[in-house]
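Every chain is named by a letter (A, B and C) in the order it is written, and numbering of its residues begins at 1.
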Amino acid sequence: MTDPTGVRSPKAARTKDRAATAVLAAIVFAIVVMLVVVVGHVVASGAGKLVDLSFLSGKPEQFKAGGGIGPEIFNSFYLLLLTLLISLPISLLAAVFLTQYLPEGPVARVAKTAIETLSSLPSIVVGLFGMLAFVLSAGWGFSILSGALALTMFNLPILVRVIQQALEAVPRTQRDAALALGLTRWEATTMILIPVAMPAIVTGVIISAGRVFGEAAALIYTAGQSAPTLDFLNFDLSSTSCPWNVMRPAETLAVHIWKINSEGVVPDLSAVSAGTAAVLMVCILAFNVIARLVGRALERRMTAA
Amino acid sequence: MSDAGNGVVLSARDVSVSYGTHLALQPSSIDFAAGSVTALIGPSGCGKSTFLRCLNLMNREIRGCTIEGRVIYHGQDVNTPDVDSYALRRQVGMVFQQPNPFPKSIYENVAFAPRRHGMASRSELDALVERSLRAAALWDETKDKLFASAMALSGGQQQRLCIARALALDPDVVIMDEPCSALDPIATFSIEDTISDMASRGICVIIVTHNMEQAARVSDRCAFFLLGELVEQGPTNELFSTPKDNRLEDYLTGRFG
Amino acid sequence: MALSTTSKRRLERRGQFISGLAVLLVVVLVCTLIFMVCSRGIATFTRDGVPLGSFLTGRTWNPHQSNELGQPTVGALPMVLGSFGVTLLSCAFSLPFALGASIFVVEVAPTFGRKFFRPLVELLTGIPSVVFGVIGLTMVVPWTRSWAGGTGYGILSSSIVLALMIFPTMMSLTADALSAVPDSYRDGSYGLGCTRWQTVCHVVLPTALPGILTATIMGMARAFGEALAVQMVIGNAAQMPSSLLTPASTLTSIITTSMGNEAMGTVYNDVLWSLALILLIMSMAFILLVHLVGRKGSSND
């Protein structure tokens, strides 16, 4: 396996080695520069809007300049919340079943294949299915509910995997200890394993929340592309201006970016687009930072004296 | 088995274990009496831990592992599909090789299982926690920090906490899988004291160890395993002074293992 | 044995039941999805009478018109080529960087990799695809326009955007594959007096090859299925791609732009579902490929 030239002239080999290291370092340097430029560009070009309260709270404009993204910000968080409310229990239970009750065998193989398939599906396909199943067949129309369910399908495989890994990382001895005290697997899992795995689970859930928050392709045909004006004093759950009404259409930040760019009608398109992208980026960065901080804090609390 | 019927709590009759098609333990029979300490000895991989884990049916938790034969607890065969392991494991406490306290408070480690088994009264639990910690010789060190995390204790303290956790369920058998192998000599002696203490209170203690001195120090009876076979058993002093089987003699004189 | 354990048994059975139900729900959802997309997707061939061959190889996309046989002109070849084009090209752009960076952070500077570079790259994973679309519109398209001419919209711009987007996936998986090579292999090579570069080329990379292939396939799968970022920069012209610089379209981009405008049950709508079916089949093919590579890799050991 040895390079024949290397054996004959170790000096040449050493020169080559140094050259290769230099090239690799250059590649890494280029990547870091590219990253900083790209992320910096997004944040910098939207920085003005980022601190503009009338942009952050105002309502979007269809044809005029000066529109804001207030409803979009609310919609993004509301959809995220609903999605997590639906997908978290399902994926937690599914992960428990797959790790504790049935880690092997044909049933587990079918389930794992299904989850893998779901995770590899393009999100636009998930969105199309959502349109077919929730918007049309179930008759829920373009609504927050349809959107949240589509996002749930998008989020489920990610969460199941995260929670599965977190549960598998808990030392076996913890489960053995619980079982040896005459507890059921269910008790061992819910009262020992899940609390132990909690830091990893929380970190994973927040990171997946970031992905849900930025998802657009699964939403354009489920939650719709319009953002009705919201009246936060309206508690009539059947009214489209009631923020909490799950049957109203709701455009999120990510969908807003896509829509204004592909329609290209608003005159201040590039400013609104850049501002919205910056807001989205800042939220995602915040999710990442929070995930790390919360994970570390939980970890410390658990092992602390 | 001369002492059958003489306070026998737990016995194994032709118990064998296989992983898939591989026979890990050949049919073995042995009786364990109340108030006695039995040491299971032998080189590593000889099946002594596998045998130990049959006594509270822990092997059932390993996929592909089957236990054959009868495990008789107070005259009842518990190794049958219609007897579940929950009640048995409350009566047959287990202490593991690595100290494995739950990442909860010291109090919660002891009170957790009794609570799950239906004990709700705070005063009863308080008393139980104190009693169990005293029995494991841990009370004096921990009484002022019962609600601190168990993870902050030293290795030896953690292992005694695990003993207290098992004792909280008031078991009449305690099985221990090399409980001192991760501990320093001082912690080891303290655990050995606790073992003698438990036996003197009528608990049947079964301990796996590869340390001959420890077996000689703590046990009344010994069982020698080799290559998945229960080779010889008897009172510890007889077994050590006049081994009947050549393989045990070779092992004791250090010819292998 | 004082207390009865029937309550424990009941608890255990209930836990097993509801957690099993969650798994069942996921399986049923996936099966429903596959069934619904398939049944919609084959309507083009069963109901509208478009032969499969002319759908896959037809070069003209104009679903509102029919040809002389009365069949709608729905040649999907432009989109299929567009999809494969951007996928392969973006992989070609991304792979050298992913590989180079992985070698650097695993073999040359592990601490720098663990503490700084990989968290940074992980951050990139979280950037939403629409933001990549915006990056494409505001940075990549103007660059290609000024450097290569044309409108700036097209396969080249899309591939650059996708390359940025799939880089974190490919880099993370590649680095994992390199880290998984046992150190004893490296020690053996160093023991023979080989340099680091020789060790990487002759020992580490060959051993990690299945993992690197997996990383590449995962990157391709992500690029193939990406909709919005591509749709924003490719120009969306449903015509045979004549160069990398002219507007083109992919399966995902044409679905994204047209699905909202065509009513359910029309020929146009049916064909869009057929395109979605191709996406579905391809994503399954990618999984299959990953499994084949994985099995080959493990049987080589």
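For the reader, a short list of remarks on this structure follows.
Rule of thumb we're sticking to: a contact is a pair of C-beta atoms (placed from the backbone, for glycine too) under 8 Å apart; a residue touches a chain by one contact, two chains touch by 3 or more.
Only a predicted model underlies this, so the values are computations on that prediction, with no experimental measurement involved.
The chain occupying the central position, as judged from C-alpha centroids, is A. Ranked by C-beta contact pairs, the top pair of chains is A-C.
The mean-CA centres of chain A and chain C are about 17 angstrom from one another, to the nearest whole unit.
In this assembly, the C-alpha centroid of chain B lies 53 Å from the C-alpha centroid of chain C. Taking the mean of the C-alpha atoms as each chain's centre, chain A and chain B sit 47 Å apart. With touch defined as above, residues shared between interfaces to two or more other chains in chain C number as follows: 8-9.
Touching two or more other chains at once are residues 86-88, 90, 117 of chain B. The multi-chain contact residues of chain A, meaning those touching 2 or more other chains, are 182-184, 187.
Chain contact summary for the complex, chain B toward chain A: residues 56, 58, 61, 63, 85-90, 93-94, 96, 98, 100-104, 112-113, 116-117, 148-149, 151-152, 162, 165-166, 169. By the touch rule above, chain A contacts chain B in their complex via residues 103-104, 171, 173-184, 187, 191-192, 195-196, 302-305. Within the complex, the chain C residues that touch chain A are 8-9, 11-12, 14-16, 18-23, 25-27, 29-34, 36-37, 40, 96-97, 100-101, 103-105, 108, 117, 120-124, 126-131, 133-135, 137-139, 164, 167, 189, 192-198, 200-203, 221, 224-228, 231-232, 252, 255-257, 259-260, 264, 273, 276, 279-280, 283-284, 286-287. Those residues of chain C that touch chain B in the shared complex are 1, 3, 5, 8-9. Interface residues of chain A, counted against chain C in their complex, comprise 1-3, 6, 10, 13-14, 16-17, 20-21, 23-25, 27-28, 30-32, 34-35, 38-39, 41-42, 45, 89-94, 96-98, 100-102, 110-111, 114-118, 120-126, 128-129, 131-133, 136, 153, 156, 160, 182-187, 189-190, 207, 210-211, 213-217, 220-221, 225, 254-255, 257-258, 261-262, 270, 273-274, 277, 280-281, 284-285, 287-288.
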